[in-house]
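Chain lettering (A, B, C and D) follows the sequence in which the chains are written, and residue indices restart at 1 in each chain.
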């Protein structure tokens, strides 16, 4: 198991050997984001801006006008919030090839707590025109997505998790922009997830399966632009769609899936799981995943609770999906 | 000045500063500002007019550019960080030959290459999109840094508003320019002493009809503290401006620090009814005012 | 017809006479936002911060810790983007009673163009925990919502349009947080809108009605917290829901309605109209409304086109709603 | 020092500066920093330790506060703008009596009042939530402005990191404090010469094992340019610190400008293995290192 940030750090170094346009613009966090690997390998293409996220974006944009294709390295939350206005005007509006590595995405940031948790990035970044928004599931996809982004000639925001998760793909995986990845086949209930949470959701599905509830698991690595057809195809025959994300239940993956499905005739019902609309706290990863309902067992538990709830309309799983 | 005369002007060569010619160009630009905004019924006046002389001097006597080749990698770059003053830049670009002077009439009209704020994707001659204040210097730092890395000796020039300097992002960029020893970066501050609303006049601290935004501050000291070369200029005196540009150009090769020119200007300069008042930050001139403008700027009736 | 910004300016002056806790923190735009009325009436409670939106939020927060309940005055786009990080940490996370007057909301900003258009504010602000997000329709609701916000003891973001629209309410209107307002009854097709666009949508419904298509018009003044029951009740019997907003079609009102309805069994289908996922331009209001599909006639036209499209499933209005 | 001794300390009164007592308190705080982080297995070390002496002097000899009444409207306010150094502040608050010293063990653990970054909604004694760098001074400007409006004579003290000064929002606030003549605002910069990663060491510009973040800059000149009173202090010498605090307090009534104290410090100060290296910005001490810490800080075994 390898953490996505390490994968990202190693991959940009590897790309750096043959692509002279790659530069890294850091916000004084290279030893956390693992951009320090690039700094070591290519000191002349590593630009330390210090603690000034807006300026990071401005400088990256400026470099991009001269043929460079920069990666921004800092905690994602300080890009998606502190630097949002420069991202809007200098990157999204100009379509500059600036790549934002949103490190320490989601809830798990090494106990830093709510000031550092980025639980709204997907809602914010997918509202930006021209922005490609990626959330890879594991080390293999993190590498593939990094390589894809390195070639892409427009703005990219990519979630990069701090800590490793159980891999669900392998090194034969090919990243295809927009396409969803079916991690598990199953019955009429589909669990749809994104980012590293998809790995935990796959575990949740295994737990559910042991309890006789067979769910599909669909991973959405491209929040934008989503290949809607690919999602719909993967959901073919589903009656219940449960989105699960390490993100607020507002506006992120759940919002995206709701937008897509609510347009269709006879669409399956959608329920959104993730972080309730409130702030979280400091604590170890396991504690946070348990308390905030994102661990495999807690996901499984909530799925079962929902299926058995009156909200679901009936009271038993069988009836809900009937 | 006839329409044909204006056309001639557009091919005037740089590096041949003739002060009278520059003054004449500035009058024309100011006319285009006030007239275009009046026709479009929307736009800024005071900021474009305070920087007019600075831009005319820059584009007609200093910048190493070729309007026929606006993407020449070796060109000097220009960033109008105070993007709300776009119409002033458009006037200069048109006269300099980047696009037809007639196109100014499309400003702010819809389906135009001349947006309310400069758009690098649409307008020939615009190097950086701006409009949200305080971002241009940062972009310029990136451009100047790239020039260093690519061993290109073009310079990067930036015009900032004095109100704009209140944006923290400006100071982030000021600090980076200094750390990376970007002597190829030259910032010009349009110190017109007014912004859009600002602070009420208050005796000892006034400039014109409001309190000077930087009344309590020694801007020279601040920039010097950050490690910049600081030059002063009278932003409405072409010899003073050109002297500052030439000193700044010398700094590019002579020093390892970025240079800022603190250019003292008058907001709305050049028209009796617009100058020295925050109320003409933006505004639409009446027909009567346009007539006054014609007279004061010596624009002949034949000119649009 | 009175523009919302004038209403806001006059209302905070009126409140200022009896509420000593109200202060205004301006970002050098008081003569655009109409906070200049307050500056004139209460110079000691008007704080000009200049062009420094992050600092505006910090200062407003600081004032709020001493019992003041500040309003922030600037173009909304510079709050929701430039100042998002301080809003997150100092306002949303602390629940400080800071009120954000998002002036010049949406597309219509006096020809300033895309750098000043705030077409993602609803997506962004509704993802913020603890944030109340309001978008009044006309002068009457703008006043009522301002008065409501002035009493509220937590963070509020409120859209305030630059230019007047045809009023749809009157001075007997009472703002009720969360509730939707049914502006027009009709058949199985519901047009759901928010902010001043609701006024244009009501006109569109009148045009449609002349063409024999009878639609309800439901106005959603509270994007957050939405009273879901009130929306569902207003939609009772609807088969087709078309959301229309002066906002990106991603994540805003359309996203909200999709999230709510996709959870329900037998929900009506939702189609989202608004600004396509791209940037706009400078131009007069009429030009922009026409070109970007938000004028009454363009809304009506799009609704008809959609109803008649194969996407809608059938080809004729009658079949779609059958 | 026994556990009881630590308890006694928590009721030590302010305004009775005894330099040896302060030094002893600092040792205890440093122990709590390194030990708590080691137990929680997450947290910052270098920044908390460089500011320890500054905070101990402030809380035990300068601030007008009453731990029994943490919301007293007349209290001095304190803002830890460099919120990542929370554990240092928690140590001081605990010893000063805001909450039990034992509660430090809950730091970063989940369901705790002691978050990774200070949370005003949870922790007694915390006036402003921080964690995203660069925001605290702005909040403090609002607090100081409110004090002026309400004719309250409390002061507002803020501690900033030197890396943090790179955030533009800090300079926005610096400018506002000056314009509003907030002499009741006192900023202390923890000039430890290191940040989290920063720039590689580079001979003439080093401080410790990296390049000084402000190597090219005259920070005194910058603050003076912005209209502030500037004081210097040795951030690890209590008489120097107290002298600066007293001069700053005088400035509150004597001048109409805010005051900044540029406090020269050493990152990780107080422990041989943490001081002077960016690598201990954060870190978890081994058992062996904890033993060294005990010895160097003269902490008895009976102390947790």
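The rule is short, and it goes like this: contacts are C-beta pairs under 8 Å (C-beta built on N, C-alpha and C of every residue); 3 or more make two chains touch, one makes a residue touch a chain.
This is a predicted model, so every value here is computed, not measured.
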Shortest chain-hopping distance from subunit B out to subunit D: 1
Averaged-CA centre spacing for the pair subunit D and subunit A, given as whole angstrom: 36
Approximate Å spacing (C-alpha centroids) for the pair subunit C, subunit D: 42
Interface hub residues of subunit A, defined as touching at least two other chains: 49-50, 52, 54-55, 78, 81-82, 85, 88-89, 93, 114-115
Junction residues of subunit B - those touching two or more other chains: 129-132, 134, 166-169, 172, 175, 179, 199
Arrangement of touching chains [line / ring / star / complete / other]: complete
Residue numbers on subunit B that touch subunit A, as the complex places them: 73, 120-121, 127-132, 135, 137-147, 149-150, 152, 168-169, 172-173, 175-176, 179
Sites on subunit A touched by subunit C in the complex: 78, 81-82, 84-85, 88-89, 92-93, 114-115, 120, 123-124, 126-130, 248, 250-252, 254-255, 257-259, 261-265, 267, 269-272, 277-279, 313
Subunit B partner contacts - residues on subunit A that touch it in the complex: 44-45, 47, 49-50, 52, 54-55, 57-68, 85-86, 88-90, 93-95
In the complex, subunit A residues that touch subunit D: 26, 28-32, 36, 43, 48-52, 54-55, 77-78, 81-82, 110-116, 281-284, 287-288, 291
Subunit D-facing residues of subunit B, complex: 134, 166-172, 175, 178-179, 181, 199, 215-227
